[in-house]
Amino acid sequence: MRLHVPIKLRWSDLDAYGHVNNAAMLTLLEESRISVFWHGDLKVDGVADTAHAGAETLTLIGRQEVEYLAPIPYLREPLDIQLWLGRMGGASLEVCYEVCSPQGAGPSVVYARAASGIVLVDAATLKPRRISERERAAWSPYLDEPVVFNRR
Amino acid sequence: MRLHVPIKLRWSDLDAYGHVNNAAMLTLLEESRISVFWHGDLKVDGVADTAHAGAETLTLIGRQEVEYLAPIPYLREPLDIQLWLGRMGGASLEVCYEVCSPQGAGPSVVYARAASGIVLVDAATLKPRRISERERAAWSPYLDEPVVFNRR
Amino acid sequence: MRLHVPIKLRWSDLDAYGHVNNAAMLTLLEESRISVFWHGDLKVDGVADTAHAGAETLTLIGRQEVEYLAPIPYLREPLDIQLWLGRMGGASLEVCYEVCSPQGAGPSVVYARAASGIVLVDAATLKPRRISERERAAWSPYLDEPVVFNRR
Amino acid sequence: MRLHVPIKLRWSDLDAYGHVNNAAMLTLLEESRISVFWHGDLKVDGVADTAHAGAETLTLIGRQEVEYLAPIPYLREPLDIQLWLGRMGGASLEVCYEVCSPQGAGPSVVYARAASGIVLVDAATLKPRRISERERAAWSPYLDEPVVFNRR
C-alpha cells in the first residue's frame, strides 16, 4: 500500500532552466518523509519536531538514489509524492518514492523515482536502535517491492 | 586521474541538526560539476554560463546516487570534492565523486561518495547529442573505475 | 482588509540554530505573494505561472525590509502570513506583511513584519507598465496603512 | 574603511528568470558577514563556528533592508561584497553592504545596497551583551556613514 503525500512546490525550487532543480528534488522527498514519519502513518517512536525538543530517536539518511524521468515545471497544485517501504531491517529501512503530477489533473506523469536508506538512531547514544514491534506492526501494511531503477 | 575541486560550504547548508543537509549535498556536487564542465578541465563544447546566453548544449541529470558516510559539520575551509568519470558512453557519461575534508587539514575524511548520470542534449532540438572527439580526448585522462557503493 | 495566506514551513528553512533562517523568511514572503498575485485576490493581468509561458507582465522586487520580532521554530501547521497593500503608485506598489503563528493555535504571535516594493514590468520591453484600472479596482479593498517599522 | 569580501555565486542562487533570486541575496550577505564576524577583521569575541561548539556569543538579526538596483546574472567570478559599519550602539550594530560586480572586471556595477541590524546575545542567558572595548577598538576603523536608501 502506498501513502500519497501532497507536496507544494516553491518558486525557488526552480533553477534558471525553469524546472525543479535536481537538488531541490531531495528537499521535496524530505518533506514527504517528515510528513509521514514525524506526524503521519509511519510515525517513529520518540521523534520530535525539532532537534532541541527532547527527541529520543533521530532518523539518519545513509544513502539516496534518484532517477529523473521528466523535468518538473512550476506547478500550482501540490505534487503527489507516493511513498512506501521497500525493506525493513533491524534498525534500518528503505523508503521508496514515486514523484507524480498533481492528483486529479489528467493522466498521471511520473517525474522521478527514488529511494532513501534510513537508520534509526538513539538520540542520546547516537547508536542505531532497533525498530520496535509497535513500529513494525504499524509500518508493515506499507511494505512492498523496492523501487526498480532502470538506469543503473 | 581525479580532479580536486574546492567547494566552500555556506552556513545555510546546515540544517537544525547542525550538519550539512542531505539535499544540500547535491548542490555541492552541482557546484563542483559546473566548475569543471563549464569552465574547467572537462569543458563541454557549447555550454554557456546561463540558460539565456545561447548555449548549444545542455547537460541533463538522468540519475544520482549518494552514500553518506559521515555528517559534515560547518567547515571554514572548502571541501575537497574529488571528481572523475566512471563511464563515457555515446551521449552520456557518469560523474563520480568523493566528498572529502579540506586539503591539508590532517588525515582526510571521506564524508560521502556519489555518482551522477549526465546526458548531453542539443539545446535547440532537446535531443541527446554525441560526445565529440575533442571532448572524448580531453576527458579520457579522467576516466577511471566507477565509484563503488557499499550500501546498495 | 488583509489577506491570510497559509504558508507551510520546510525542515530545510531552519538553520543550525534550530530556527527559520533570516534569508528563508524572504522565500516565505515570496510564496505568499505568488499565491495572491499569480492566482489569488491580487491577480496581476498577464502574469503567467512561469517565465517561459508567455507572461506579458513581470513583477520585479525593487526593495525589501524585514523586522524580525521573534525566532520561528519548526511548526507543523502553516504560518499565517497576513498581507495587504501599503501603497499603490502608477506602476509600483508596496506589499506589507505580518508573519504570524498558525491560525487557531492559541494567542497569535507576530514573528516578523515586512514590506516589498514591487514594480510591474512589461515582459516584452522590460519597461514599467501602469497598473490597469481593473487591477486598481480589484486591489483597492486591500489598501491600508503601510507597515510601521520600529527599529529603523 | 570598507572590507571587500569575495562571495561566489552558486547556480542554484538563480531562479527561473535566470537572475539571482531576491531571497538568495540575503544568503550572500550572510556569507559575507560570517566571513568577517566569525573569522575576519570584525571578529566577535566568543563566536564559534557552530551552534554546538560552545559559542559564548550569538549574533541575532533584528532587521534587514535591501534595495535591488540591477539583476545579478550568473557570474563565474565572485561578487565583491563591500561591507562596513553604519552604527555601533551598546549591544547592537548596523552592518552596511554594497553588492558589487567582480573586482577587476571592467567598470564596477552596484547590484544592491543593504543593511542588517545585529544584536550581540549571550549564548547562555540569551540576553543582549555589550560590545566589549576590544571589539569596539577593532571595529572602529570600519565605522562610516550608514548606507542611504533611495526608494524608501
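Going by the order they are written in, the chains are A, B, C and D; count residues from 1 in each one.
Criterion: a contact is a pair of C-beta atoms (placed from the backbone, for glycine too) under 8 Å apart; a residue touches a chain by one contact, two chains touch by 3 or more.
Since the model is a prediction, treat every value here as computed from it, not as a measurement.
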### Task
Decide which interface, C-D or B-D, involves more C-beta pairs in contact, and give its chain pair.
C-D
### Message
If I average the CA coordinates per chain, which chain comes out farthest from chain A?
### Response
D
### Query
Distance from the CA centroid of chain C to that of chain D, rounded to the nearest Å?
24
### Message
For chain B versus chain D, what separation do you get between their C-alpha means, in angstrom?
### Response
29
#### Entry: Touching two or more other chains - residues of chain A
11-12, 14, 16-18, 23-24, 27, 30, 50-52, 74
### Query
Any idea which chain D residues touch chain C in the complex?
16-18, 22-27, 30, 50-52, 58, 60-68, 117, 149, 151-152
### Task
Could you pull out which chain A residues touch chain D in their complex?
11-12, 14-18, 21, 23-24, 74
#### Entry: Contact footprint of chain D on chain B as seen in their complex
8, 10-12, 14, 18, 27, 30-31, 34, 38-39, 49-52, 73-76
